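Heads up, there are several structures right after this.
Consider the two complexes below, in which subunit A is the common component and subunit B and subunit C are the respective partners.
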Partner chain A sequence: MSLWDRIDKLDRRWIFLLVGIAVIIPLFVNMEAEISITPEARQLFEAVDALPNDSSIVLVTFDLYAFSLAETEPMARAALHHLFSKNIRVVTVTTIPLGGPSIAERVTREVAAEYGKTYGVDFVNLGYKPNYVSVLRGMGTDIRSIYPTDNSGTVLDSLPLMNEVFNYDDLDFIFVTADNGIVDFWISIVQAQYGIPVGAGVTAVMAPKQYAYVGSGQMTGLLGGMKGAAEYELLVERADLGVKGMAIQSLIHFLIIALIAVGNIAYFISLRRKRRGQA
Partner chain B sequence: MKQTLPVAVAFISGLIMVVAFFMRSDVPVIGGLSQEVLIWGSIVGGFTLLLGAASITRVNFNAVRLRRSGWGFNLITLVSVFVMALPAILGTFFPGVRWFGTGTGSLYDWMFTYISIPMQGTMFAMLAFYIASAAYRAFRARTAEATLLLLTASLVMLWRVPLGEWLLTAIHSDLPSLVNTYVMSGVNLSVQRGIIIGAALGAATMSLRILLGIERTYMGRG
Partner chain C sequence: MTVFEIWLGAFLTLAIFSFLYRDNPVYRLAESAFAGISAGYYIGLIWESVIVQFLWVPMTNPENPKVWLVIPLFLGLLMFARLFSGTALGKYVWLSRIGLAFVMGSTAGVFLMSELHGNVLGQMFGTMQVQSAQGEPAVLLTIIVAVGVIATLIYFYFSKEHTGALGVTAKVGIWFIMISFGAHFGYTVMGRISLLIGRVYFLWNDWLGSFLF
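Moving on to the complex of A and B:
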């Protein structure tokens, strides 16, 4: 068996080892590179930045499962830093039953604590209610009919912030963080029917589809995957896990491209040899 | 009756929502009715979660009871469901106890943060290993279409990371912005738009079939 045949039939455990090394190296070696800002991320930042300080109220959604937190939590954190630094009040909600309310509670409270924000006055976590289509539509008329209480069971009327929020008309912006198709419903149900601006931070695998909504003007800005999170962190001047993760992602992308190239070279050389052998 | 009633419920509920879509929410009767249907929708959604929990318990309990192949995994699933659910449910009966419920500091929250999140993250991270292996073996330029896909994918992968962007800029300073303009906001956008419109038309057709009682597979029969 020739060298190229061996490369063509390389044991996948060698590939796993290479991926493992590519993940570990940036943890020990500083590999900083300049991160450029895409127009979509800048559009989202500028839309949020243009909201009036102190008086605005923004709905932040945590439509996330735990598996995607590496990508989505940095963008949610960056968004909350941006909002709280402008004294914008935040209402959080989730359409994911498996851990969604816990993620929203933990992330929001941690960021809010840095700005000395008070629960009930500056931010409220509505939590989860089943059947997201009903929830999204129902909140348009009356949030209380869908969420009589917040995530911890407190009646909404007893929370000062919620005395100003009754439906989508009382919100200035919706910042969706999502790792699944629910982001489509925030556009088709909420943005399209109630006219409230919606921006989104989604996983990299979901981002290509969302370009259609950005192009049509239905989505006000987009963050795609960890790169999007890194971009927003840089825009709000809070470099964190998104920026740190880019070095690892850079190496992994280069490795995969190199593997594709080597795999193709080995394949074509082996193919040519076989044809010559047959001739 | 078993067939007529669900069709009638689907028709009336759907009709209310369709009519309400074209009207303001404060329109008398129809506005209130549509909100009532939405509340009912959320309540029914809650019961489907309960049904899911009952189903996972029944299926796994039977597997353990009959010692089916791999019954150990069923047992782990069963134990995990109850270990996660019980402290959360007990919060309803003992609201003063910090360990119960789903709030910060509760047992449920601790298990979710320190067990569920790392495990789900690990499973998802393993995809990187399999994607690398699959890319090496399956991503071959066998045809013109495959070559085009391969080149586009490589270009986008480079564009999405700082080191790759640096490399593209070294080739031509406008190359990264050209990828965004022509690949992502150009070809990709138009294809995605076509898919979205196609899916929306399909969903509208299916909804109409359900409203008119032609589509009855949701009742468990064709």
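Moving on to the complex of A and C:
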């Protein structure tokens, strides 16, 4: 059996091992990747940056499961850093039951603590309610009809921030972080029918579809995957896991491109040999 | 996170990764634990946030009891009639369709409007307008979008055989679809690698870092 035949029949676990090694190596070696800012990420940053300081209120959604935290948490953190640094008040919400409420609580409180923000005054976590279509529509009429209390069971009227927020009309921007199709409904229900600007940070798997919304002007800026998170981190000058992760990403992308090339060459060489053998 | 939580997280992460070598009991333990805990958590969450907060509390409010909530409660209970299947009460299974019909009807109504506003009209307007250019020639972008949309739509037109001009346009449509698949695949690779990076960071920093350095 020739080298190419062996490569053609290579046990895929060797590829898993190679990818694993490629992820681990940068942990020992200080690597940096050059990250360019895409127009979509800059558009989102500029939209948030243009909001009036102190008086604005932004809804940040944590429509994400725990599995996608590597991509979505850096985006949410960078967004919260941007908002809190501008003294913009934040209301968080989630349409995902498994992880969403607790992730929103943890991430928002950690970032808010850095800026000395007070719960109830500067930020509120509404938590989760099932049936996202009813939630998104109901919040347009009266947030209290969907969320009588916040995530901890506190009645909304007892929270000073919520005395200024009754429906979408009281929000200046919606910053969606999502790892699933719910972002489509933030566009088709909330942006399209209530006219409030929506920007999004989504997982890489979802990103290609969302570019259509940016192109049509329905979405105000987009962050796609870890690259998008890294871009926003650079824009708000808070480099974190997104920026660190992109160095590893670049290394693995080179590895995968090389594997695709070698795999295809091996396949075609094996195919040619088989044809010659048959002839 | 507490030390116990970190060690539990590390054990479950490694248990799931062990599937990359081959299926094994440790992987199945982690998988089953995830499925069971998720189901239990979800039931508890729905019970508290829906049954208690939206049904029991408003219905039993002594000042202003919302008695009409008996109707959705009744419709919801009818859903359980599906469980009669295969039992002596099997002939009453159809009752579940009443609640289901209500859900389907209301959902169709809501989705009709949202799809029309968000995906049909919004995307049609976006396709018709001149594409915003950020350094690139706007006219070229607009032509590419227009050709791409028309050619892809023609590829999915199956009422006439794809020959002649129709066939050529359909082939152009396939090229656009393939480029789209390529973009999706590239992003999917990036997404999956990101998840791996997140887990490796957790194992390296939070777990190994807690006792090695």
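The definition used in the following text is that the second predicted complex is superposed on the first by the 279 of 279 C-alpha atoms of A that agree within 3 Å, B and C clash if a C-alpha of one lies under 4 Å from a C-alpha of the other, contacts with A are read in each partner's own complex, and residues count from 1 in each chain.
To be clear about the criterion, a residue touches a chain if its C-beta (ideal position, glycine included) is under 8 Å from a C-beta of that chain, and two chains touch if they have at least 3 such contacts.
None of these values were measured; they are calculated from a predicted model.
Undergrad: Once the structures are superposed on A, label A:S102 by its partner contacts, choosing first (subunit B), second (subunit C), both or neither.
TA: first
Undergrad: If you stack the two complexes on chain A, which partner ends up touching A:Q193: first (subunit B), second (subunit C), both, or neither?
TA: A:Q193: touches subunit B and subunit C.
Undergrad: Check whether A:A212 is in contact with subunit B, with subunit C, with both or with neither, and answer first, second, both or neither.
TA: Both: A:A212 reaches subunit B and subunit C.
Undergrad: For A:I24, is the partner it touches subunit B (first), subunit C (second), both, or none of the two (neither)?
TA: Touch partner of A:I24: subunit C, not subunit B.
Undergrad: See if subunit A has more residues touched by subunit B or by subunit C, and give me that chain.
TA: Residues of subunit A touched, subunit B against subunit C: more for B.
Undergrad: Kindly classify A:D142 by the partners it touches after superposition: subunit B alone (first), subunit C alone (second), both, or neither?
TA: First partner only.
Undergrad: Let me test your reading of the model: by the given contact rule, A:V133 touches which partner, first (subunit B), second (subunit C), both or neither?
TA: So A:V133 meets both subunit B and subunit C here.
Undergrad: In the overlay, answer first, second, both or neither for which of subunit B and subunit C A:I269 touches.
TA: In the superposition, A:I269 touches no partner, neither subunit B nor subunit C.
Undergrad: Considering only the touch criterion stated at the top, classify A:A47 as touching first (subunit B), second (subunit C), both, or neither.
TA: neither
Undergrad: A:I37 in the overlay: touching subunit B, subunit C, both, or neither? Say first, second, both or neither.
TA: neither
Undergrad: Let me check the overlay on chain A: which residues of subunit A are in contact with subunit B and also with subunit C?
TA: 16, 19, 23, 39, 67-70, 97-98, 129-130, 133, 137, 184, 188, 193, 204, 208, 212, 215-216, 224-225, 227, 249, 252-253, 256
Undergrad: In their shared complex, at which residues does subunit A touch subunit B?
TA: 10, 12, 15-16, 18-20, 23, 31, 33-36, 38-39, 65-70, 97-99, 101-102, 105-106, 109, 129-131, 133-135, 137-138, 140-142, 145-146, 151-153, 167, 184, 188, 193, 204, 208-209, 211-212, 214-216, 224-225, 227, 246-247, 249-257, 259-260, 262-264, 267-268
Undergrad: Where on subunit A does subunit C make contact in their complex?
TA: Result: residues 13, 16, 19, 23-24, 27, 39, 67-71, 97-98, 127-130, 133, 137, 148-149, 184-185, 187-189, 191-193, 203-205, 207-208, 212-213, 215-218, 224-227, 241, 244-245, 248-249, 252-253, 256 of subunit A touch subunit C.
Undergrad: Can you name the residues of subunit B that touch subunit A in the complex?
TA: Residues in contact with subunit A: 17, 21, 25, 31, 34-35, 38-46, 48-49, 95, 101-104, 108-109, 112-113, 116-117, 120-121, 123-125, 128-129, 131-133, 135-137, 139-141, 150, 154, 157-158, 160-166, 176, 180, 184-185, 188-189, 192-193, 195-196, 200.
Undergrad: Residues of subunit C touching subunit A in their complex?
TA: Residues of subunit C touching subunit A: 20-21, 38, 41-42, 45-46, 49-50, 53, 107, 110-111, 113-115, 117-119, 121-123, 125-127, 129, 131-132, 134, 145, 180, 183-184, 187-191, 193-201, 204.
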